[in-house]
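Heads up, the next two complexes both have chain A, just with different partners, chain B and then chain C.
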Partner chain A sequence: MTYKWIGKKVNRIDAPGKVSGEAKYMTDISFPDMYWGKIVRAEVAHARIIEIDVSAVEAYPGVRCVVTAKDVPGVNGYGMAIYDQPVFAQEKIRFYGEPIAGIVAETKAIAEEAAKQIRVTYEELPVVHDMLQAMKDDAVPVHEEGNVLFHRHFVNGDVAASFEEADLIVEEEYQTSTQTPSYLELEGGVGIYENGQLTMYCASQHPDMDRKQLCDILALPKEKIRVVGYPVGGAFGGKVDLTVQAQIGVMAYKARGKVKVINSREESFSSCWKRHAMHIRMKTAVRKDGTLLANQVTFIADTGAYAGLGEPVVNLSLEHACGAYRVPNVILDAYAIYTNNSISSAMRGFGVPQANFAMESQMELIARKLDMDPLDLRLLNGIKTGDKAILGHTLRLAMGTIDTLEKITEVPLWADKEQFKCTDNKWKRRGVGIATSIQGAGLGRGLKDDAQADIRLLEDGRFNLCVGTPDLGQGNLTAFVQIAAEQLGCDVACLNVLCADTQCTPDSGATVASRTVYGVGNAIVSAVDTFKGRAIELAAEVCQTDSDRIHIGPAGLIVGDKSYSYCEIADMATKQGISLDSRGTFSFPEADIEIEGAIGLPHLLYSAVSHVALVEVDVLTGEVDVLEVACIPDTGRVINLQGLEAQVEGGTVMGMGYATMENTILKDGKVITDNFNTYLIPTALDCPKIDTYPVEVLEKSGPFEAKGIGECVGNSITSAVINGIYDAVGARITSLPADMERVLEAMEKDSEGGESCE
Partner chain B sequence: MSRYKIVTPHSIEQALESLKDNRKMKILAGGTDLVVQMKEGLLGEVDILDISKIEELKSIEETDNGIHVGALCTLSQISENAEITAGLSCLAQAALSVGAIQIRNKATIGGNIMNASPAADTVPALVALGAKALIRSSSESRELLIEEVFLAPGRTVLRDDELLIGLFIPKQSLMSTATFGKLGRRKAQAISVANLAVRISLDEKKERFIETRIALGSVAPTVVRIRLAEEFLNGCEINRKSIEKSAEIVTEGINPITDIRASDTYRRKVSRALFIKAIYASLEQLGVDIPE
Partner chain C sequence: MAKIGFQLNGEEISLDCEVDEILLDVLREKLGLTGVKEGCGQGECGACTVIMDGVAVNSCLVLMNQVAGCEVTTIEGVKQNGKESAVQKAFVEEGAVQCGYCTPGMVLSAEALLDKNPNPDEKEIRTAIAGNLCRCTGYSKIVAGIQKAVQIRQKERNDDI
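After this line comes the complex of A and B, so read on.
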C-alpha cells in the first residue's frame, strides 16, 4: 500500500502563524472594554483562615469588584478526579500560592496595587512537607480525612516462592524529583460574562471538561458556557485540569464583563501542576540466566495539597512497575500522599517515568551482577504480543519492545560504542547507557475513552475538520489533516481545522495519554467514511444512477464518465436541502480484565521506545554532558516523520533535563526555584545530537495502523543517561536529578574508576 | 514597574556633573541587572543615570604598555575583540561565559564589575591579568586594582559621585599565560557555581613559577585573590606535588556558602578542580610537560 499523505513530511499546519507571530494565543486576546484581574495568593503553606478583609480593596479607586469564596455561585471546588480544591480558599490554606481572592480592576497596575490592601488573618499550622512523615498516623492532617489520598495493593503470582528460587535478588531505593512542566505560555486568558452567557478563552487540553467543571462552579447550564482552548503554548499535562479558568470565571461573573488574567512566572511555578516526586522501593528476583522472576515494588508519591490526578498517576506507576518486561510474580503498592507542597498531577508520562527510572536502574544492576550484556538481558525479558502483563491482562495488540531493542544493535552509538567512549581529555570519562520503556495509551479500562470528530463540506468545496482535542504543540492537528486527506483522497490543502471550541467542535476527549492520533484519528476515518457514503448516496439520487457507479476522486465524485467537484456536490446538497456533515466516533478497546479498585487499569494499547545515550562525565567536578542520543520509537505506522522526530527530540530533551538538572526546590512549602534562573532546564547548548530510528510495529486497530508516541519518547532517556553515567564512572545514581554535585558524591562513594583510552 | 527620573548624559563630564549634584543615582549601562531590579521594585527612591549614550566609553584601545577597555564595552565586543582574543584570551573566555548572546550583546564590562556580584565572571579574569579600574569624579581621578574595588556583595568602594570609566590591563610578559575556568549548572544562562582565573609566569628555563595570580569567584562574599597560594607557587618548581599543595592552599583561602546552586563542600571541591585544570591547561599552553 502506498500512501499520498501518510508517512510524509507534511509541514505543520500551524507553523506559519506561529513563526510569523500572527497566531493569537489566549493570553494575546484583548478587548478595549475589558478589566484586568489579579489573583491574590496565600503567602503561607498551611494555615487556618480566620478572616479575609477586603473592605479596603473594594473602596480602592479603579476596582470594579473583589471576589472570595463566598462569591462562587456554585460549587467552590474543582479537580478532575474529586472536587477537593477550592476555587478560592475558604477555611484553610493548604499550599503557598493558593488563591484566596480575585481583584477585578480597570488596569493591571490598579489590580496589582489593590491586591496589597487585602488583609488575611490566619492561624499558621505546621507545614507538612515530607511525604514519608505525612503518611504516619500522628502526622498533622492536610485534609481532615488524613494524608493518605490513595493506596492500592496488588498481588499476582507467588512472590515469596520466587524469592526462594532466585539466584539473585537486587534491592534498592530510589527517589525522584518534582519536575515542573515549564511550558512557555503562562496560564491565563480572558473570561467574558455578558447576557447570562460565559465565554472562556484560556489554553486547555480538554475544553469540554473545562466547561463541565465551570458549569458546576458557576451554576450555569452547559448551553450558557463556551470554552475556547486553542492555540496552546505548551502544556505537557499541566493544562488538562483548570489552571485559572475557575478564578477568571468567578471574577467575570461578578464583574458582569470581560476580565483578563495572566499569571506571572512566579505564580505559575507555585501553582502549576507538576510531576510527582516519588520514593520507590524495588526488590527484584532473578534467575542466573537473567530471567526476571518477581518484583516487589512500593511507590510513595507526593501529590501535594490537593488530589489533582494523584490517584490515576500512581495507578499508572503501578501498571508500569516492571517497565517493558515480563514478570510473572509481583507485589505492588502505590500510595498518593497529601502534603503542603505544590500540587503534582498529570505530566507527560503520567507516573511512568518514575517507575521506568527505578526498573531500568534495577536492570543495569542485574546485568552487572550477572555479568550479562545489558541489551541481552533486556531482550531476554522484553514483553511481546500475546504475553501476560504484570497485572494479568493479555497483551493482544502490537507490542514493539523487542523490535526497538533489536534495532539498538544497528545503531552506531551502540555498535561502535567503544570508539564513541574514547576521549583524549584527561578529566573526562565516557559511557554509553541504554534503557527501554512502554507507555499505555488512552485512559484505560473503566474510563470511557471516546473520541468524536466531524467533517463538514463547505460551499467552496473545501472541508472543515472539527475536533475538540487541541494541538498543544506536538503537531496532532497536522496528523489529523493527513489522516483525513488520505481517507478522503483529497489534497491536505483542502482541509481547514476547527479545534477546541465547544461552540463548534465535538468532544473528542482530552489531548492526553498519547491518545489523540489513535483515538481521534480513528474517529476522523469514521467521519470521512460516513461523509463519503452520504455524498455517494446524494450523487446517486441527483444523477439517477446506481451508487456503485460512483467513485471518490481526488477533488470530488466521479459518476460514470462525468466528474463533479466538491463545490458542485455542496451545491447539490444545498439544493436537495440535506446536510453532508458527518460525525465519526471511536471508543478505545479495553483490556480483558479489570483491576478491582483501580479505575483506568489496565491499558491495552502500548507504544514502545528505546534510547541509547553517550554520556561524558567530568571526574573532578561530576558535570554530566549528554553528547549523543539515539532514540528508537515504535509508534506503529508513522503518520508524519518530521512530527515524530520533533516529538522524539522534545521528549528526549525533557527526559534528559529530568535526569541531569530539573528540580523544583521547596522550603516550608514555598517553591524557591520560582523562575527559570533557578529552575534550570536544558538550553540549546546542553542538547545532544539526537537521531531517530523509527520501527513501525503496525497496529491493525489504529488509523492507518498508527499508535501514539507523545509520552513514551520522554521516558527511557532518563534511565539511559543514568546508566550511561554508571558505564562511564561506575557511580550509581539512585536519586534524581543526577546533578554535578550528586554525581561527584556518588563517584566518591562507589567509583570503580573509568577506563581511559590512552 | 515604578516610575523613575532618568538623566541621559552624552559625555563623561556631563555624567560626573549629574553625579556631583545628585547623590541618589543608580547608573544604567547595559541594564541586564538594573532593569530587572527596576521591574521588581528593588531600587527604592532613586534616579537613573543612563550612561549608555556616552560614546567615549565604548572603545578598546591598545597602548604601548597595555590595553584600555571602556566601561561600556559589551561582553560580546570583548569576547570578539582581536587584541583581547589574541593576548588576553582569558578575559575573552570569561566574557563569553556570561548568560547567552542576547545578554552579552547588552551587558557591559563596567556593569559586570560595578554590580559587584561575587559570581561576576569577568572579575577573576581581570584580577588575574592585574587589571586596574579607572575611576573618576568631577574633582579627581584614581586607579585601583580590580580586587580593591569590592567590599561585599553589591557593594564597592566607589563614592556616590564616582564613575568607573574603564579598565587598564597591563601587557603580559612573554613567558606567561592566563586561563579562565567556570563551573555552571548548564552550558548557557548559568550563574557560576564557582569560577576562577589563573595567570602564571615561568622562569627562562621553564622550571619554576615566578609570577602567579589566582582569583576565584562565587566562593566568598567578593571575588578573592589567593595570595598565599601565589606566594607558595612563586619560586616553586613545576611538578605535580607543588600543584597539589597549592591547590590545597587555594581551597583553604576561600569561604564558600551553601545556596540554591551548590553546597559549600562542593564549592571547595570544584574550586580545587578548576584550579588544577587551569594550571595544567596553562602549562600545556606554554609547552611545559609536568614532571612527577
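After this line comes the complex of A and C, so read on.
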C-alpha cells in the first residue's frame, strides 16, 4: 500500500504561526476593559485558618473585588477523581502556595500591591513531609479521613513457591524524585463572566473536563460555559487537572467582567502538578538461566496535599511493575499517600517511569549477578503478543518489545560499544547502558475512553477538521491532518483544524495517555468515511444516478465521466438543504479481564521503546555527561517521521533530566527550587546526540496501523543512563537523580573503579 | 513618568513610562507585542529574548531607561516584507517547533548569532542558545534548524551577488 500523506514529510501546521510570534496563547489574550487578578497564596504548608481579613483590601483604591472560599457560588472543590481540593482554602491549608484568596483590580500592579494587605491568621500544624511516616496510624492527618488516599493489593500466581524455586533473588529499594513538568508557558489566562455566561481562555489538556468542573464550581449549566484551551505552551500532563481556571472563574464571576491572571514562575513551581516521588521496594526471583519467576513490589507514592490523579497514577505503576517482561508470579502493592509536599498528579509516563527505573535496575543487577549479557536477559524475558501480562490479561495487540530489543544489536552505540567507551581522559570513565519500557495507551478498562471528531465541508470546498484534543506541542494536529487527508484523498492544505474549544469542537477526550493519534485518529477515519458516504449519497440523488458510479477524487466527486469539486458539492448540499457535517466516534478496545478495585486497569494497547545511552562519568567530581543516545521506538506505522523524532528527542531529554539533575527540593513543605536557577532542566549544552531507529510493528486496529508514543519515549532513557553509570564505574544508583554527590557516594560504596581502555 | 524614545522593529517610537518599568512588560502589555514571552521573569529561561543593539538580551531584566536610544527587535520584527527569515523558514522545515513557547526567543538568539557569526559550528550554536530553555524538543531539531538557516542565508547571499 502506498500512501500519499502517511509517513511523508509534512511540516507542522502550527509552525508558521509560532515562528512568527503571531500564535496567540491563552496568556497572550487581552481585552481593553479587562481586570487583572492575583491569587493570594498560603505561606505555610499546614495550618488551620483562623481568620482571613480582607477588609483593608476591599477598600484599596483600584480594587474591584476580593474573593475567598465564601464567594464560590457552587462547590468549593475540584479534582479529576474526587473534589478534595478547595478553589480557595477553607478551614485548612494543606500546601505552601495553596490559593487562599483572589484579588481583582484595575491593573496588575494594584492587584499585586493589594495582595500584600490581606491578613491571614493561622494556627500552624506540624508539616507532614515524609510519606513513610505519613502512612503510620498515629501520623498527623493532612485530611480527616487519614493519609492513605489509596491502597491496592494484587496477587497473581504463587510467589512463595517461586522464591523457593529461584536460583537468585535480587532485592533492592529505590527512591525517585519529584519531577516538575516545567512547561515554559506559565499557568494563566482570561476568564470572562458577562450576561450569565462564562468564557474561559486557559491552556488545557481537556476543555470538556475543565468545563465539567467549572460547572460544579460556578453552579452553572454546561451551556453557559465555554472553554477555549489551545494553543498550549507545553503541559506534559501538568495541565490535565485544573491549574488556575477555578480561581479565575470565581474571580470573573464576582467581578462580573474580564479577569486575567498569570502565575509567576515561583507560584507555578510551588503550586503546579508534579511527578510523584516514590519509594519502591522490589524483590525479584530468577532462575539461573535468567528466566524471571516472580516479583514482589511495593510502591509508595507521595501524592502531596490533594488527590489529583494519585490513584490512577499508582495503579499504572502497578500494571507496569515488571516493565516489559513476562513474570508469571507477582505480589504487588501500591499506595498513594497524602502529605504537605505540594501536589502531584499526572506527568508524562504517569507512574510508569518510576516503576521502569526500579525494574530496569533490577534487570541490570540480575544480568551482572548471573554474568549474562544484559540484552540477552531482556530478550529472554521480553513480553510478546499472545503472552499473559502480569495482571493476567492476554496481550492481544501488537507488542514491539522484542523488535525494539533486537534492533539494539544493529545500533552502533551497542554493536561497537567498546570503541565508544574509550577515552583518553584518565579522570573519565565511559559506559553504555540499555533499558526498555512499555506504556499502556488510553484510559484503560472501565473508564469509557471515547473519542469524537468532526469533519465539515466549507463553502469554498475546504474542510474544517474539528477535534477537542489540544496539541500540547507534540504535533498531534499535524498527524490528524495527515490521517484525514489520506482517508479523504485530498491535499493536506485543504484542511483547517479547529481544536479545543467547547463551542465548536466535539469532546475527543483528553490529550493524555498516548491516546490521541490512535483514538482520535480512528475517530477521524470514521468521520471521513461517514462524510464520503453522505457526499456520494447526495451526488447520487442530485445526478439521478447509482451511487456505485460515484467515486471520491482528490478534490471532489467523480460521477461517471463528470467531476464535481468540493465547492460544487457544498453548493449542492446547501441547495438540497442537507448538511454533510460528519461525526466519527471511536471507543478504545478493552482488556479481557478487569482488576477489581483498580479502575483503569489493565490496558490492552501498549507502545514499546528501548534506549541505549553512552555515559561519561567524571571520577573526581561524580559529574555525569550523557554523550550519545539511540532510541528505538515502536509506534506502529510512522505517520510523520520528523514528528516521531521530535517526540523521541524531547522525551529522551526529559527522561535524561530525571536521571541526572531534576529534583524538586522541599523544606518544611515549601518548594525551594522555585525557578530555573535552582530547578535545573537540561539546556542545549547538556543534551546528547540522539538517533532514532523506529521499528514499525503494525497495529491493525490503529489508524493506518499506527499507535501513540508520547510518553513511552521518556521512560527507559532514565534507566539506560543509570545502567550506563553502572557500566562506567560500577556504582549502582538507587535514588534519583544521579547528581554528583550521589554518584560519588555510590562509587565509594560499590565502585569497581571501572576499566580504562589501555 | 518619562518619555523614552527608541527604535522598535525599525520604527522610531516614543513612550510615556516609568524609568524602572520592565521592557518585557512594556512590550507585552503596553505595545501588545505578545510574541515576546515570559517564562521565569528572572533571566533564566530566554523566552523573553529580544535583540537590543545587535545583542540578544532577556527583556525581563531590562529597565526602560536602559532602552532609551537603542534599537530593539522583537519576533514581530523578524519577518521582512511579510517574508519569513532564513531562521524562521529553517525552523519550520526542520521541525524545530513543538509547543512553540520558546520559539520566538530561540529564533532571536539564532538571528543575533548568525548576524555576528555567519558560519558557527555546533558548539557555538549550542552556546548561543544555552540561555534559551526548551522543554519540548531536546534541542536537536533547533540546532539542525540553525544549521539549515546558515545554508539558506549563504544561498541568499550568493543569489544576491
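In this section, the second predicted complex is superposed on the first by the 758 of 758 C-alpha atoms of A that agree within 3 Å, B and C clash if a C-alpha of one lies under 4 Å from a C-alpha of the other, contacts with A are read in each partner's own complex, and residues count from 1 in each chain.
Going forward, a contact is a pair of C-beta atoms (placed from the backbone, for glycine too) under 8 Å apart; a residue touches a chain by one contact, two chains touch by 3 or more.
Quantities reported herein were computed from a predicted structural model and do not represent experimental measurements.
Chemist: When the two structures are superposed on chain A, do chain B and chain C clash or fit side by side?
Modeler: Once both complexes are aligned on chain A, chain B and chain C fit side by side.
Chemist: Quick check for you: in the superposed arrangement, does A:684 touch first (chain B), second (chain C), both or neither?
Modeler: both
Chemist: In the superposed model, which partner reaches more residues of chain A, chain B or chain C?
Modeler: In the superposed model, C touches more residues of chain A.
Chemist: Is A:643 contacted by the first partner chain B, the second partner chain C, both or neither?
Modeler: The answer is second: A:643 touches chain C but not chain B.
Chemist: After superposition on the shared chain, which partner residues are touched by A:433: those of chain B (first), chain C (second), both, or neither?
Modeler: neither
Chemist: Using centres of C-alpha atoms, tell me the angle at chain A that chain B and chain C span after the overlay, to the nearest 10°.
Modeler: 40
Chemist: If we overlay the two complexes on their shared chain A, which of chain B and chain C does A:382 touch? Say first, second, both or neither.
Modeler: neither
Chemist: So, does A:37 touch the first partner chain B, the second partner chain C, both, or neither?
Modeler: After superposition on chain A, A:37 lies in contact with neither partner.
Chemist: Which partner does A:740 reach: the first (chain B), the second (chain C), both, or neither?
Modeler: A:740 contacts chain B only, not chain C.
Chemist: Please work out how little space separates the C-alpha atoms of chain B and chain C at their nearest point after superposition, in whole Å.
Modeler: Taking the overlay as described at the top, chain B lies 5 Å from chain C at its nearest C-alpha.
Chemist: I'd like to check the shared interface: which positions of chain A are touched by both chain B and chain C across the two complexes?
Modeler: Dual-contact residues (chain A): 676-677, 682-685.
Chemist: Mind pulling up the chain A residues that touch chain B in the complex?
Modeler: Of all residues in chain A, those touching chain B are 426-427, 618, 620-621, 623, 661, 665, 672-673, 676-678, 680, 682-686, 739-741, 744.
Chemist: For the complex, which residues does chain C have touching chain A?
Modeler: For chain C paired with chain A, touching residues are 28-29, 32-42, 44-45, 47, 74-76, 78-79, 84, 87-88, 91-95, 97-104, 107, 125-127, 129-143.
Chemist: Please output the residues of chain B touching chain A within their complex, sorted ascending.
Modeler: 100, 183, 185-191, 193, 260, 262-263, 266, 269-270, 272-274, 276-277, 280
Chemist: Using the touch rule from the top, collect the residues of chain A that touch chain C in their complex.
Modeler: Against chain C, the touching part of chain A is residues 11-12, 14-25, 28, 30, 108, 181-186, 231-236, 262, 264-265, 472-475, 642-643, 645-646, 649-654, 675-677, 681-685, 687, 689-690.
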